[in-house]
């Protein structure tokens, strides 16, 4: 709407329609051919409704400018249509008999390897070996951490169930259980929650994706 | 360090034709001197005992002399232009001046990129006319193929009178490729 | 048609070094004459005004003279050795004599094809020993880099000592792997 309101202001203060078009292009940096005239009219009606005093010169100028913009749009659409028709009318070239030219040969200039490059290659080979070693170590560590997590999942599930039971409300928001909203905390609650859900010890409801998840101790649907 | 030798090494190694500006940067000398050196090199290659020459199409580079092209072509597997680009260039050379839209009609949308490449390499020039481009070949086109435009056109036309079916557009061994033997 | 010129055109164009046999087929002349012509060409390039020379490593081809290599190398993106091949060659030059199986451990299965290429180009020779191959560099290796093996090794070692002691290529400490470092 803002664009249209600017335009109306432009129409009111300009002295003639040429000035309006000039202002559209220079001040508003707009393409006069792409102005949505329906939106513009709607905005104008809104504008008229806010007026306490009615100046007939303004609607008259507005109608003139709108008509000119409409005319410009028609012209360009007609021109495009004409061009499209012309393009369709192009008789396809007869090319089946044209043999393709054969390209002259291309020599690919290659250069010799420099001795510095030989040295760099060796350094890369060493780095490569190092990387391989590092990868193995990293992988090992990751596994170790994962296993550690697995170990106390039962304990965490029990703790979470106790926490859920401690609430008197029949529905508890997931965010309440998480407390401080950090990635670690979320996962720390979410994983045991999945276990409880799987064991059918709790039920959940989420209206829309990414919305709050509500946890119930009794099946809310049955109720 | 010999300047003429370094110039030769540059032109021998360069993948793309070199500009005088570029050469003057590498040789650390004036563009004026580069022009002199290029001239010396040209004279050096003029000797009939030499199989290469200095080419100046879109820049300077060393190329095999025309008369030896055919004989050495089997030593490299690379063509200098993709088949699509060559096909468009053939159509242009046959019909020029020709509208870009007419080529698009038969070749499809890749025409635009082919034409851009041909223009970049200086084989064609385009002139905007209302909404399309009018395309013609340039003198570089003749220079590159080493034959006059009229002869190229004749070659293509004579293919028509043979009345061969179309699909072998890209077959090897048409007359132009044999120019090396003439 | 000038034979010397055609020979030059061949060596200029060829992607791979040419054998005398191959050249004699293209020039339609005896191998004896090819040898004479190659000699003529070599003399022609000996002039200090020339930036290129005749190389004879695993066959004949034209290459840029060593002293201009550094200045012109950025003009092409193609080195005449792939990165993988170069990496394997660098390992061989540092540790030689080295077992093929030891290189496979670092580089992986592509080692086999890289070694085949290096052997074909005459940079290394292999000697079968029980289940693996023992690899050493050849005089062509020195010739290509234009420096003695000992100097190449010194350069590599000094570059190595800049950083941490080289992570050993060989997990198992057999004698072969350590000889190169002594």
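Details
Note that the chains take the letters A, B and C in the order they are written out, and that residue 1 is the start of every chain.
The rule is simple: contacts are C-beta pairs under 8 Å (C-beta built on N, C-alpha and C of every residue); 3 or more make two chains touch, one makes a residue touch a chain.
Please read these numbers as outputs of a predicted model, since none were measured by experiment.
Relative to chain A, the most remote chain by averaged C-alpha coordinates is C.
Taking the mean of all protein C-alpha atoms as the reference point, the chain centroid lying nearest to it belongs to B.
Chain A and chain C have CA centres that are 53 Å apart.
Here the spacing of chain A and chain B, counted between their Cα centres, is 46 Å. Each chain gets a centre from the mean of its Cα atoms; for chain B and chain C, those two points are 33 Å apart.
For chain A, the set of residues that touch two or more other chains comprises 105, 107-109, 111. Annotation for chain B: residues touching 2 or more other chains are 12-15, 64, 69, 72-73, 76, 78. On the chain C side of its complex with chain A, the touching residues are 12-13, 15, 63-64, 69-70, 72-73, 75-76, 78-81, 83, 86-87, 89-91, 93-94, 106-107, 144-145, 147, 152, 155-156, 159-160, 163, 166-167, 169.
Residue ranges of chain B in contact with chain C, taken from their complex: 1-2, 4-10, 12-15, 18, 26, 44, 48-52, 62, 64-65, 67-69, 71-78. Across the complex, chain A meets chain B through its residues 83, 87, 90, 92-93, 95-109, 111.
Residues of chain A touching chain C in their complex: 105, 107-115, 117-119, 121-126, 128-130, 133.
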